[in-house]
Amino acid sequence: MTAELLNRGAFSVFHELSTRWNDNDQYGHVNNAVYYEYFDSAVNAWLTKRCGDVTHLGALGVVAETNCRYLRSAAFPQPLDVGIALLRLGRSSVSYQLAVFPHHGEWPHVIGRFVHVYVDPLTRRPTAVPPKVAAAVATLSVIDPGPEANAVSASAVHSLKEN
Amino acid sequence: MTAELLNRGAFSVFHELSTRWNDNDQYGHVNNAVYYEYFDSAVNAWLTKRCGDVTHLGALGVVAETNCRYLRSAAFPQPLDVGIALLRLGRSSVSYQLAVFPHHGEWPHVIGRFVHVYVDPLTRRPTAVPPKVAAAVATLSVIDPGPEANAVSASAVHSLKEN
Amino acid sequence: MTAELLNRGAFSVFHELSTRWNDNDQYGHVNNAVYYEYFDSAVNAWLTKRCGDVTHLGALGVVAETNCRYLRSAAFPQPLDVGIALLRLGRSSVSYQLAVFPHHGEWPHVIGRFVHVYVDPLTRRPTAVPPKVAAAVATLSVIDPGPEANAVSASAVHSLKEN
Amino acid sequence: MTAELLNRGAFSVFHELSTRWNDNDQYGHVNNAVYYEYFDSAVNAWLTKRCGDVTHLGALGVVAETNCRYLRSAAFPQPLDVGIALLRLGRSSVSYQLAVFPHHGEWPHVIGRFVHVYVDPLTRRPTAVPPKVAAAVATLSVIDPGPEANAVSASAVHSLKEN
């Protein structure tokens, strides 16, 4: 499934959020960097709901790679829904597919990927995805990342020093 | 040149910036989303210096795609340098390679890409990169993006509706 | 009514909002500066709902003064309600009393004031509060600001150059 | 000294900072909430320089009250200087006078106050200002807060529950 075809139906889990006045930049649209605040908040709020406090999971989920494609602008004060799906569950990494929709809307403003790598809090070396997290992500709808995304994910784990 | 080998020497233009207390998240490191504020600010500050007010260039530079790989954590209050280089100058798009370095440091905390597509302010259809911008980016060091990034750039122009 | 006694009952209008992962600072609580994003967003979202696009009201509402007292910490991912009340409607200024509550909660995390001064978009000189805005704020519950706040408001109008 | 008369000469310590593209709101000026990020960052960067890691001072500095008056607008990409002075050193609180100047400029864009109350990390009850902090603030220039600010400071300590 290509990015252009990702619609609401590809997602079963959503995080609803409110926009803020200063999310809009000088052009009157949500600034490109702000979508990453949405991604971060959606994944962590959902993980907290499913797994409890994400800072107490044994392993620490550090963000190894993110990207975003901007398709249609959004603007304060519209409310938004962030769709969360699974691209790939690795031994120590989880790659999420995210998409930011108008509230109840069909086609996304942006689509993006968000890769968590779990590390040991002391050594900062990659370690296994916590069982609670693995169980939670197993309930997400799965989107085929294609060969490119698999390469990205492997490379993210490899290159991670500390984040 | 792979991402892991991108060091300070690949860049000839830098934007120095200060970190902020709340750039750090609960883990005491600069949050992943904040690096995109750095990218945005570096590109726009540099363009402003070279081309004047970026909101008065005729065409409007909208952000079509961004990504970031997180290699080594940074933290407030350390100052940072954002290196700016050119990946690809297209007819209507400019793809920048960015890297965030410790102030005067050799190896980046993160590396990323940032794609501007220029659109007509009224029709929002892609239009030619403004001559001032094309002249400015021609002075940047050039980094070979590889075939993947070229595909990304073409696709970004194609999929852009409005941002 | 002193600040310590301001509870949910003093407000009849609320703006519900979601917190974000990076609203929390290193101490795991919503950062002091972030409450001002909540204030700004609450007032502007409410004004937009009541008066339409706030950038097309003829006069421009510029923020002349804000303050905040932090009473009890909040933290992502809890949702919040911002209560909006009127302290004072002047000829060219509106002073709002704001309070950020836990969602459906009785006692505020913080309380604050937010003063809009309306200026002519061209001359930037104070001008009359737009009739639509005056009509909207007349529907808010009124909180006695005390003599100090009246002085603050008068002084804010006086000292405003351009914002 | 009234706020309108606070100029660069009242300050002996400055924190230089860079603005960011999205500091500007839809009106093309630095958003009111963003100045509090500047305040926070200036105080904490200066304290870190003078006292070391502010999260390891024994007592925890929590923000009890802030305010800001907006006098003249600023805008990205201009660099700014935050002036830091002392209003009042109490047993458990430090009240700072802050002012945000154009880089090397004489008259401030905004002026504000920032009150830290030091609390015991475990009990969250107010405790003595750490000796290192007291010694550092003793080197700042002192601005007479007037009777109003003293009342504010006392009240902030009194009303603080936890922040």
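Chains: A, B, C and D, in written order; residue numbering restarts at 1 for each.
We adopt the following convention: contacts are C-beta pairs under 8 Å (C-beta built on N, C-alpha and C of every residue); 3 or more make two chains touch, one makes a residue touch a chain.
In this text, all values refer to a predicted model and were calculated from it rather than measured experimentally.
> Considering only chains that satisfy the touch condition with chain B, which of them also satisfy it with chain C?
A, D
> Farthest chain from chain D, going by mean C-alpha coordinates, please.
In terms of C-alpha centroids, the chain at the greatest distance from chain D is A.
> With centres defined as the mean C-alpha position, give me the chain A-chain B separation in Å.
The separation of the two C-alpha centroids amounts to 21 Å.
> Would you mind pulling out the distance in Å between where the CA atoms of chain A average out and where those of chain C do?
The mean C-alpha positions of chain A and chain C differ by 32 Å.
> Based only on mean CA positions, could you tell me how far chain A sits from chain D in angstrom?
The computed centroid separation for chain A versus chain D comes out at 35 Å.
> Can you list every residue of chain A that touches 2 or more other chains, as numbers and ranges?
21-22, 26, 28, 31, 33-34, 37, 40, 55
> What part of chain D is in contact with chain B in the complex they form?
16-22, 28, 37-38, 40-41, 44-45, 48-49, 55, 76-77
> Give every residue of chain B touching chain A within the complex, in rising order.
Residue list for chain B touching chain A: 3-4, 26-27, 29, 31-34, 36-37, 39-40, 55, 60, 62-73, 148, 155-156, 159-163.
> Name, in rising order, each residue of chain A that touches chain D in their complex.
These residues of chain A touch chain D: 21-22, 24-26, 28, 31, 33-34.
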